[in-house]
Amino acid sequence: MARVGVFVCYCGANIADFIDVPAVVEEAKKIKEVKISVLYKYMCSDPGQGMIRDAIVQNRLTSVVVAACSPRMHEKTFRKALSDAGMNPYMLEVANIREHSSWVHQKDKKAATEKANDLIRMAIAKSIANEQLHEISVPVTKRALVIGGGIAGIQAALDIADARIPVTLVEKSPSIGGRMAQLDETFPTLDCSQCILTPKMVDVASHPYIELIPYSEVIELDGYVGNYKAKIKKKASYVDFSSCTGCGACTQKCPVKVPNEFNMNIDKRKAIYTPFPQAVPNKPVIDATHCTMLLKGKCGICAKVCEKGSINFKMVDEVIEREVGAVVIATGYDLWDPKPYEEYGVGRYKDIITSLEFERMVSASGPTNGVPIRPSDGKVPKNVVFIKCIGSRDEAKGIEYCSKICCMYTAKHAILLHHKVHDSHAYIFYMDIRAAGKGYEEFVKRAQVETAATYLRGRVSKIYKKGDKLMVRGEDAQIGQVVEVEADLVVLATAVIAPKDNPSLARLLGVSYDKYGYMSEAHPKLRPVETAKAGIFLAGCTQAPKDIPDTVAQASACAAKVCGLFAGDTLKKDPMVSTINNEFCSGCQNCVKVCPYQAIVTEEIPLGHGSKELRTVAKINEGVCQGCGSCVAICRSMAINLAGFTDPQIINEIVAI
Amino acid sequence: MITLGLLEKNTFLEAVNKKSGANVLECYQCGKCVSTCPVSSYMDFPPREIMQMIKLGLKEESYMANSMWFCLTCSACSGRCPREIDIPAVMEAIRHLAIEENYRSENKKVKDIRKFHDIFLDMIKRYGRNYELRMMAEFNIRTRNLFKDMHLAPKALLKGKIPIGHESTKSAKAIQRMFKLAGKLEKEKR
Amino acid sequence: MNKLTYFPGCSAHGTSEEFDHTLKLVMKTLDVQMEEIPDWNCCGATSAHVMTENLALALPMRNLVLAEKLENKTMGIACASCYSRMKGTKKHLDENPEQAKRINSTVIDEGEYQGTVEIKSMLQYCFEEIGLETIKSKVTKSLSGLKVACYYGCLLTRPKDVTQFDSPEYPMSMDLLMEALGAKAMEFDFKTECCGASFSISNTEVVESLTGKILEVAKESGAHLIVVACPLCQSNLDMRQPDIEKHSGKKLDIPVMYFTQLMALAFGYPEKELRLPKHIVPVEAALKHIGDPVPEPEKVKKTKKAVEAESEVE
Amino acid sequence: MDHSKQIQDIASKLFAENKIDYFVGYRQNAIDDSQVPYLISDPAEIPRLVFTDRSVFNLANYLKPEHTRRKRVGLVVKGCDSRALNLMLTESQVKRENVYIIGICCEGVLNEKGEKAQNCIECVMPDAVVYDEMIGTPTGKREYIVNADIKELATIALEKRADYFEDIFSNCIRCNACRHSCPLCYCAKCCIDQETSTLYHGANTSSGAMHALMTWSLHLAGRCVDCRNCEKACPSHLPLHLLHKQNESVIYENFQQHLAGMEKDDRGAFYKYSLSDPDDFIL
Amino acid sequence: METEVKEAQGKIISAENPDIVAPADWQPVIMGILCNWCSYAGSDLTGTSRIQYPPNIRIIRVPCSSRVDPWFIIKSLQTTADGVLISGCHPGDCHYISGNYFARRRFLVTKKLLNFVGYHENRVQFSWVSAAEGPKFAKVVAKVTEDIKKLGPLHRYKKENF
């Protein structure tokens, strides 16, 4: 006979004001299994938990029902109280009478009370069918996988490796460095991006605990926290990295010229190339979509000039496997294509460029040797108009959110423009200046005062051509007048968006993503680096737009999380997993098909007691099982059950009202 | 100086939102409408400022402004608005509210514009269709500016640009009935 | 033979008779039978919606109800203002059936409103229903050598959710149509800037400044003439030109023609059918450019290789 | 349609070559002109094997796991039977190497009244889809026809339909013959018989029957091949096909025209999904 | 299979059995089965945002909408509930990757089958409510409650209870 204790919480006034709590307590007493039913102001407080502990011992309770706030809030708290009293913590059920009753039926106390009664009845009925469960412990593979070799991935990999935990760093492009490598100088200190980034890149390459796999992608991830198995596709580079010395003879002699994506297609690179001079690893790869040898079997000059014989046109993609315990996603960001701004003539006017194109132009190692030019005629511009919020904060054409970094880098661009072209002038159309950060407002002031950039508050409405100038029309709300600026060059601060591959990567990794394609963190405030999937973490812009300091901070936080995860030899896991009753399993294996985690395998068991003949049944890997219950619902013979949510428990709830 | 009290219930904002179907609160004052608007420089308050005035509940000031009378309903602003606010509908809503509540601007231009529209509607009421020369003439008579555009008239007439005769719908009665019933509907609404 | 319900609008029988006339010629060549809505009335533009909501809906509704009685369910509208009023009204009525019922009571003598007529501007009709290929096939006299600036005005493509046609910022349908006739459409930034039509009588000062800017930019684009698809645009741009020249001191002298006039010309109708004398700014000089030698487009040096995904080989 | 001779020849051959231990076919019933399933292990009984348009039963039901685990069986299957067999193979209930399948290109069988049976009129696949040896000329897949009965029922008023089905369910005597006659009901222990569920599935009442039959039909949804063994077995003559055909039509219409057992390794509509599945019924 | 909802003066007539009439203030019981990660979290958010909705729903927490076996629905209708609402994560957002896609198929077939044997289609409803959609949850519950209130008490198969 079950002996249930019911503990009803006032939650201060939160519950008591809208539910007749004493009546609820009395109602619960009418159920014959209920041995004690009491109320208290704050069940979650120490005295409240003490009440539960005492009642368990005194009344020899077999299960406990707490009627309080959502189980998502305090289930863990109360479970701990149960185990402190020597009871199996999973004999607890929480009736959610706050979020589900008192807070949502504040105008009808009677109905709210009735509902609370029912919710408690359901919880009591369920708790009677509860079973004793025990935490599962699983072993851990102490190796981390970092996806993406931008500054976020680099920082995370270095921090984890410094804790002497092996790291596999996978980068999609031929070199690590990411977006930061494309930048000229960085706000708010104007230190050169290359100067602070390249030493870290070299550290990655030489770190004994880091395995760098460039020009490759993660294509599959199986397993679960502590025990992931990743498949990594190494794209064919057609260059044997082990023998290549990076002398560069091949790239010099290659006759095929291709738009250079690292320089935003402003200049050309070769079909065999290293993305930029400081690339790590500094080994070239062949772009198979443009190499005439690979396309038509003609040329092969690179192979002829290579003294080491490192060129191998027969190389194919290779899939390698790595067992890892944790994953850090650091896939960075893309920039929004401003095509929808038809009123600006984007696409029609060559002298409208994006901010990253400008960044490459002013970069000393960039395609124009650090001098901004007009793409239409190659002249150095004097009047440059910068327009912020292109795509950002624009529901109609772009995205709703603020891209966070544009205010700062536009101020930087104004300063850089002044550095490179002394007799130039920068006009900046803005809506708001968002400069919250250490040294940021001071930096904007520098742009406004030292550089004397003209800030005009208003969104630009139209750009049209007049002679060889572009007329930029917008309101300056400060003076309440429409102004037109004669521009030589217009720079659009395009929005930061999630990489377009993010959703497919998220699905592959089994983590969720938001409507913009950014990876979702487990909690926006309290768990900002974890995903909802245990053992997978987020660093940098893959989660939301961020500047470099924030990105680095989050990457280091990821590293701390990974190190924490790997601190012990095993992991503890909730016991809410599926179990199979072999007696009923007919071995149809449909459950294997629906399991999203490949947690179900088959095994051969004796046909009967002592029988030599075997039959096939399903078997659940409880380390892998996440407890979704898909298999339970499709098992026709009810051979599978999900601990904590068994059929009897749920049916008890249904019929309890 | 305007003193802003406790805005307990901004009835003006509610009325404008209801009539226009837009939500003025969405405006974040980027000013793209102002530089888009071909006539914003003629307005007392350009669209952006009107939006803010509605938010502040400045009813009289809005009604007495000439902005909504200058709005050409060309929809350029709403097409470019990053928050997709139907600004012409907001302008139209203020205009209709001002008419309903009998606010009359003393601004000469506004008076002219209103007069023109009155004549136009009168023309339709009488003939069912519109007749440009007659309209132009009547407008000039009513605005006591007999010779406005007269230098254009001979040339236009000479070139057959503006025909002398005019036509009307056969069932002018139906149109008159429509005017009467529509007017009644307008009153019922209030 | 295609059938088309036709709503000419007040100007077609007034100031823009040449538009109406050439439109009918063009449609004849294109094998479209136009049926004018019997006893149509003014749509109310540009005054009804300014003053009263109900009347602004009732006037177009009467026309819609009359049009629904005809067999054909596609309606072509010549004037952009009428087009915008009618299509906007239809959209509003369809979205607010209750109000539609109320407004219907004012024109109930004509019948019940169903909402079955599809509304297109004549430009849209030519572009979407007839198609450039058919139009091209009817061209007997190519307009090559003629450079035109296509001016759409505000209401042909705006608001986008009402018109559902072309880009509201940089439309290309008329440009493509002109190219099909052999003319060259110039890059023209003020395609959809407003000309201030509704103030053409009441507030000429505004109109002059707006049209002045449009004409200036059109002139700068190198066009010989401006092509329009709306009577109000035409009369504003054409009639106000002498005044603008006088006030600004700048010589403009750029004629403004309807796209149908040029279509008629290309289809082989004689010039007198275009009713050219009705234009305030003389057209004849501009039309002399037809047949001007067209510079050959620059030959691509390595045609074959240029096609290959942007890559080039030294 | 009379393939008796061919079947007898094949059976003889199989026994002679020692390829099978058992042969399952049909024999004439002694009391009327109907046929009953016939399992033989002795070649001497081969002459009693027949196959005509009276061979209505689905013999795949004779292949529950214990049969083929040790013994090799020769089996006659029509189109629908073969689809059931296909599913059983996919669901690992039959060892393919231990079964010799004689597939029939079926021309349709008769009902008790001697007319062509409804499921044969509406049959989508008369030819066997899995076989070692084929008898007859294949005519191929036919167009899917929505069952005439459910089409008719869908048109009548809700409360009338509810009455109709309450009648059906109250006539169920819970003998479980339907389940035992179904080749796809091979579970070691049916959920309806289990301790945990008997508590809730109810007693022999219309309510209990409703629950049991609905659950049963949902377990067969996307798997039922419309052989109507269940209906033939039902002593109360309940129109059990209604439930199955209803599910089948919903699945066919909404889930890429899925039909049970048509392809090898297809497990049924509930064990896969498409991103484009209907979503409009969800708020 | 659309069926009209009958209305009578001041009374509610059961959609499935016109003989059953309930008073106008009759309150249905609705069984709500919510997935833990999206809809249950969403319903918690409704609570924390204090958005009010009708009190007729009784909520059961399951890990995922794919845990919902159709017989839970049938059982609810047979025993305690006048209607059932099942809610899960939006397609693509399932915490368990694909659970809701499998569930969606079962739900459609179950809903149609129940309608076929004589339950009004509004008795069983489904929704996708994310953890962020507190207001949507309230809206969904209000709609479902209103729908089911119109249908009147569910009487069939209940007389014998179980």
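Per-chain residue numbering starts at 1, and chain names A, B, C, D and E are given in the order in which the chains are listed.
As a working rule, a residue touches a chain if its C-beta (ideal position, glycine included) is under 8 Å from a C-beta of that chain, and two chains touch if they have at least 3 such contacts.
Keep in mind it's a predicted model, so treat the numbers as computed, not measured.
Participant: What's the farthest chain from chain E if centres are computed as the mean of the Cα atoms?
Facilitator: Farthest from chain E by mean C-alpha position: C.
Participant: What chain pair has the highest count of contacting C-beta pairs?
Facilitator: Chain pair with the maximum contact count: B-C.
Participant: When the centre of a chain is set as the mean of its C-alpha atoms, what distance in Å lies between chain A and chain E?
Facilitator: 34
Participant: Approximately how many whole Å separate the CA-defined centres of chain C and chain D?
Facilitator: Those two chain centres are 68 Å apart.
Participant: What is the distance, in whole Å, between the centres of chain B and chain D, each centre taken as the mean of its C-alpha atoms?
Facilitator: 75
Participant: Please tell me the distance, in whole Å, between the geometric centres of chain C and chain E computed from their C-alpha atoms.
Facilitator: The mean C-alpha positions of chain C and chain E differ by 54 Å.
Participant: Can you tell me which residues of chain D touch two or more of the remaining chains?
Facilitator: Within chain D, residues 200, 270-271 contact more than one other chain.
Participant: When you check chain C against every other chain, which residues touch at least two of them?
Facilitator: Within chain C, residues 168-169 contact more than one other chain.
Participant: Which chain E residues touch at least two other chains?
Facilitator: Where chain E meets two or more other chains at a single residue, that happens at 75, 92, 98, 102, 106, 162.
Participant: Hey, which chains are touching each other here?
Facilitator: Final set of chain pairs in contact is A-B, A-C, A-D, A-E, B-C, D-E.
Participant: Enumerate the contact residues on chain A facing chain B in the complex.
Facilitator: Those in contact with chain B are residues 343, 389, 393-397, 431, 457-462, 473-477, 480-483.
Participant: Quick check on the complex: what are the chain E residues that touch chain D?
Facilitator: 1, 3, 15-18, 70-71, 74-75, 78, 91-92, 98, 101-102, 104-120, 125-128, 140, 143-144, 156-162
Participant: Show me the residue ranges of chain A that touch chain D in the complex, using the header's touch definition.
Facilitator: 583-590, 593-594, 607, 613, 615-616, 634, 636-639, 647-648, 651, 655
Participant: Using the touch rule from the top, collect the residues of chain A that touch chain C in their complex.
Facilitator: Residues 255-259, 271, 289-290, 292, 342-343, 345, 348, 462, 464-466.
Participant: Looking at the complex, which residues from chain B come into contact with chain C?
Facilitator: 38-39, 42, 69-70, 72-76, 78-80, 86, 88, 92, 95-96, 99, 109, 112-113, 115-118, 120-121, 123-124, 128-132, 135-136, 139, 148-149, 152, 155-156, 159-163, 166-167, 169-171, 174-175, 177-179, 181-183, 185-186
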